[in-house]
Amino acid sequence: MGINWFKYSSPQAFHPLAGKMIPWFSVAAGLLIIIGLYIGFFVAPTDFQQGDSYRIIFVHVPAAWMSMFLYVIMAAWAGVGLGLNARPSFMMAQAIAPTGAMFTFIALLTGAMWGKPTWGAWWVWDARLTSELILLFQYIGIILLRAAIDDLRRADRASAVLALVGVVNVPIIYFSVRWWNTLHQGASVSMTASPKMATTMLTAMLIMTVGFWMYSFAVTLARVRCVILDRERQPMWGNQTSIQEVAEAR
Amino acid sequence: MLQTVALRGSRGQRQLFSDISVTVKPGTLLAVAGENGSGKTSFLRMLCGLLSPDDGAVLWQGKDIRQLKELYCAQLIYIGHLNGIKDDLTPTENIKISAGLAGGDSSSEIVRKALEAVGLGRSTHTLPTRVLSQGQKRRVALARLWLSTRPLWFLDEPFASLDTLAATYLTQRLQSHLGNGGMVVVSTHQEIALPTDSIQHLRLSR
Amino acid sequence: MLQTVALRGSRGQRQLFSDISVTVKPGTLLAVAGENGSGKTSFLRMLCGLLSPDDGAVLWQGKDIRQLKELYCAQLIYIGHLNGIKDDLTPTENIKISAGLAGGDSSSEIVRKALEAVGLGRSTHTLPTRVLSQGQKRRVALARLWLSTRPLWFLDEPFASLDTLAATYLTQRLQSHLGNGGMVVVSTHQEIALPTDSIQHLRLSR
Amino acid sequence: MSQPSMSEALGGVVRRDLLLAMRHRSDVAMSVFFVVIVASLFPLGVGPEAAVLRMIGPGVLWVTALLACLLSLGRLFTADYLDGVLEQTALIPQSLAVLVIGKVFAHWVVSGLPVVLLSPLLGLQFGLDGVTLGVLTLSLLLGTPTLSMIGAIGAALTLGLRGSGLLVALLVLPLFIPVLIFGAGAVTSSVSGIGSEANLSLLGACFLLSFAFAPWATAVALRIALE
Amino acid sequence: MSQPSMSEALGGVVRRDLLLAMRHRSDVAMSVFFVVIVASLFPLGVGPEAAVLRMIGPGVLWVTALLACLLSLGRLFTADYLDGVLEQTALIPQSLAVLVIGKVFAHWVVSGLPVVLLSPLLGLQFGLDGVTLGVLTLSLLLGTPTLSMIGAIGAALTLGLRGSGLLVALLVLPLFIPVLIFGAGAVTSSVSGIGSEANLSLLGACFLLSFAFAPWATAVALRIALE
Amino acid sequence: MQWGSVSEFFAMGGYGLYVWVSFGVTALCMFGEVLAVWRRHAAAVAESRDVS
């Protein structure tokens, strides 16, 4: 008989736990982003080539990274959900999608804002840019597919399959600058080579990135709580009173 | 031998049945009864492995069908509410292809015999199934039973829209299958004219 | 009063029936019997005007229905093998809209009563019809009969896939309709539990 | 006896189809996204040069609108045919041609109207100027209902004549082409500064013509399909 | 007990689908017709300048092939789903992924192959030269099966959902885009005299990747849809 | 610190529009998302209270 202990890991127990974690992540996110912005705007020097337009990097790069990370994490939860038939991991995947889509949108928009002064065009059909746009479409597709299916079980699993299939795009985005001759900048932070950027710039960017991480944790957990409540309201998990207690025990 | 162990099933938010443990021994028929919407179809699909149970398991010869997978599929025939035949192909083509897909003999002679056994006259064999009447379509679907050497049959309201003659043919076929040690699970609102000792009843209630 | 005059019908190359002259008087039911494929469905569709006869005519109150057209449509209800309901709408929406299209009263109260009369519990009224069982879908289709004030009903195997309870409801509804001077033409493989003097039988043979 | 008035019958048909479309609120969003994505495919395939894009813009947008119509044409009658709603519709005591208008209208609201409303934005992608955007929207507003109307004939014929779909294609696609040429022509002539009145009034004529004949032809085709 | 060999099962699935396609040969004609019409619309809409046509030719032809695939995706599983053949297929004692390959192959033979065979003729319309025509055909030969394979995932995921024609487009178009870019890129680079090997081998990689993963994902999606 | 005055800071060396639109939209999106999730949670809690 299949072992399904994940199925019994109770969302009811998770709801208050998430409630306790959210404030910490929120505070961390706020602090880190403020520090990052301070270093970015007041400590980091003006770039001698791009002038001050380069400061877009402090949102562009963290957002672009988050868009890819979140996709991978979402797909991982989806995979776990499919493999172990675990409802909570589907909920995590569901909760991550909108935030991922938002960061993708931000990466695209800030990229366009950066492209106009540096390349002279809002948009070019370059491999990195196009693949990032595709990522946005993928997020939207996953969200819409879920919205189009009434049956929760099917909605969970169908969007999980779609999320897993779409993972191929992430390495394409990441390596597009290396594989193709693109207008877009190559990686300036890498494990092997020493950073090419000014250290203050790099520091600000990394702090912003960690801040965005914290933000994503907080928002995702909060959304998972909504998802749990939405699903529990339907009488499938029975026991209505305990749900209300859980909701109030925030 | 087919066994269910504490089977629980639900659709959407509704639990349909729970804790169903039955055993279908060779040579016996399990008649699943119940009102409309009580979960007969869901139960049958679960026994086939098309639907996964919320809890419990279905065992074939003592092994979980989720482990057996294709090996289990090779033991069974399922005929649901939908006939599973192609409207644009003729009855002959339909049966020939599904016999081929089942890995059995699919010579024209055998296919013709099966269609005749279920009471479809020669003239209908080469019409597109689309133009046949409701009952004739059902007969085409049921003709697969006459070709089968598989032990386990799942029939979802097989008698619906059959006339009395066709119903007799089907009953006879069920009897001979049981006589050969086959097993049948059937859902129906009608009485089945078979010796009572070979029939086991399961009633689902809402 | 519905009359057929020397009606002849064929599908493709096959003649199904010929020279059928029957009269359905107010308060009576015409039960059309026959094997699968004998032409019951075709006969009913011909009476509705969905299919045109090869020969002969169908008369309503003495006038040819091909002349009457929409006026005739306003007198009848036809429920065929297909349920004619939208899978993606709920039973309530389905019935409400078809009541509106029939020009009748379509208040929520009346729709709810009709669905309950046919034995569908409250909880199913607001599910998409797609998830209902075969028999529950059939019940939704039949619920139209409880809203109708039209005199002429054509029912094609209405009892198929209904459980016994639902069948009783339907029989009672037929009886009350006949009592009000309505007319019913029904095709079925089952016996209909109605007083024999109000039933007239027509047997089609292949 | 109970007989619905024409407006009741028409309203019922339209309401049911719109209700079905609204069942998933994402439905309308979907046709919008479809058009956006397809319109972005062309720059991807053709390459990013602005002059080329401006030149092919009107044609591409019109083909996109046509495809959105074509893609959704399948759900016009097929579902109704398969679940028996179509035969019930044929038994409604009103002229079937009128009911067909209702169905086509509902179909257009869901699949055509969003494209019309979106078209100015898409035109911007291809670098069209203000006046041209107006002409584009107007041409689509006249053209897409015409396409739906003509498409309905094809959809109805396909229900009946399963075997001879080629005939349907031969019949309907040539009817689509004039609409496309006048539509794209109106926009192109506005791009190059020539007046677009001639093309637009031809489009209007197409609309009136299809409005007069298509519902009738569709009703006949449907009755044949139901026999 | 009676269990079909893999080739028996695969053969049965392919034979049934091809037989069905032969029953209405119009289906094959339809996708050919669609490609011809759409591809001919562009010279009509854009104007007859040879240089422009040669420039947009590869992109237009590839987009057309892509759309033809997209339009025919609806046929892949829907009919089988509605008439219960799909659940019977899921009960065949062979890996469902293998059977999916069979179905996709039959679908490609009907909707993709004709387009590939027709492409040299269409390329001539756009003034492409001999070598380029070869590259065009080769790129489509590699690309269209990839499209069918990817499309199958989308078709399976949206089975039985309303508005699925558009939803499926939304789901698969993002995954189609790389194929489109490499395909059109191969032809464009051949037009401008650069070697097209790089793009063609990327197309090949896409084909292999989709062949390895798509049938499996499709099978999972089908089982989900059948629940 | 390289900024001489507040207006110099907002001008961003001539790139003010691009920089501030980027940061502004990002802030808007993030705050909007937080607000949306917060309201959704409130609604979900309210509704689950109604049900029970």
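A, B, C, D, E and F are the chain letters, set down in written order, and residue numbers restart from 1 in every chain.
Just so we're on the same page, a contact is a pair of C-beta atoms (placed from the backbone, for glycine too) under 8 Å apart; a residue touches a chain by one contact, two chains touch by 3 or more.
Keep in mind that what you see is a predicted model, and the values were worked out from it rather than measured.
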Shortest path length from subunit B to subunit C (each step joins two touching chains): 1
Per Cα centroids, the chain farthest from subunit A: C
Averaged-CA centre spacing for the pair subunit F and subunit A, given as whole angstrom: 16
Inter-centroid spacing, subunit E versus subunit A (mean Cα positions, whole Å): 32
Subunit B and subunit F: spacing of chain centres that average the CA atoms, whole Å: 60
Subunit B and subunit E, separation of their C-alpha mean positions in angstrom: 36
Subunit D, residues touching no fewer than two other chains: 20, 23-24, 26, 30, 33, 37, 44, 47, 82, 162
Residues within subunit A bordering two or more other chains: 130, 137, 140, 144, 148, 150-151
Numbers and ranges of subunit B residues touching at least 2 other chains: 12, 81, 88
Subunit C-facing residues of subunit B, complex: 11-12, 14, 34-41, 81, 119, 121, 123-124, 127, 131-136, 138-139, 157, 160-166, 189, 206
Contacting residues of subunit D [partner subunit A, same complex]: 24-26, 29-30, 33, 37, 40, 43-44, 47-48
Of all residues in subunit D, those that touch subunit C in their complex: 1-5, 8-9, 11-13, 15-16, 19-20, 23, 79, 82-85, 87-95, 226-227
Touching residues on subunit D, where the partner in the complex is subunit E: 20-21, 23-24, 26-27, 30-31, 33-34, 37-38, 41-42, 44-47, 52, 55-56, 58-59, 62-63, 67-68, 70-72, 74-75, 82, 162-169, 173, 177, 180-181, 184, 188
Subunit E-facing residues of subunit A, complex: 82, 127, 130-131, 134-135, 137-138, 140-141, 144-145, 148-149, 153-154, 157-158, 161-162, 164-166, 168-169, 172
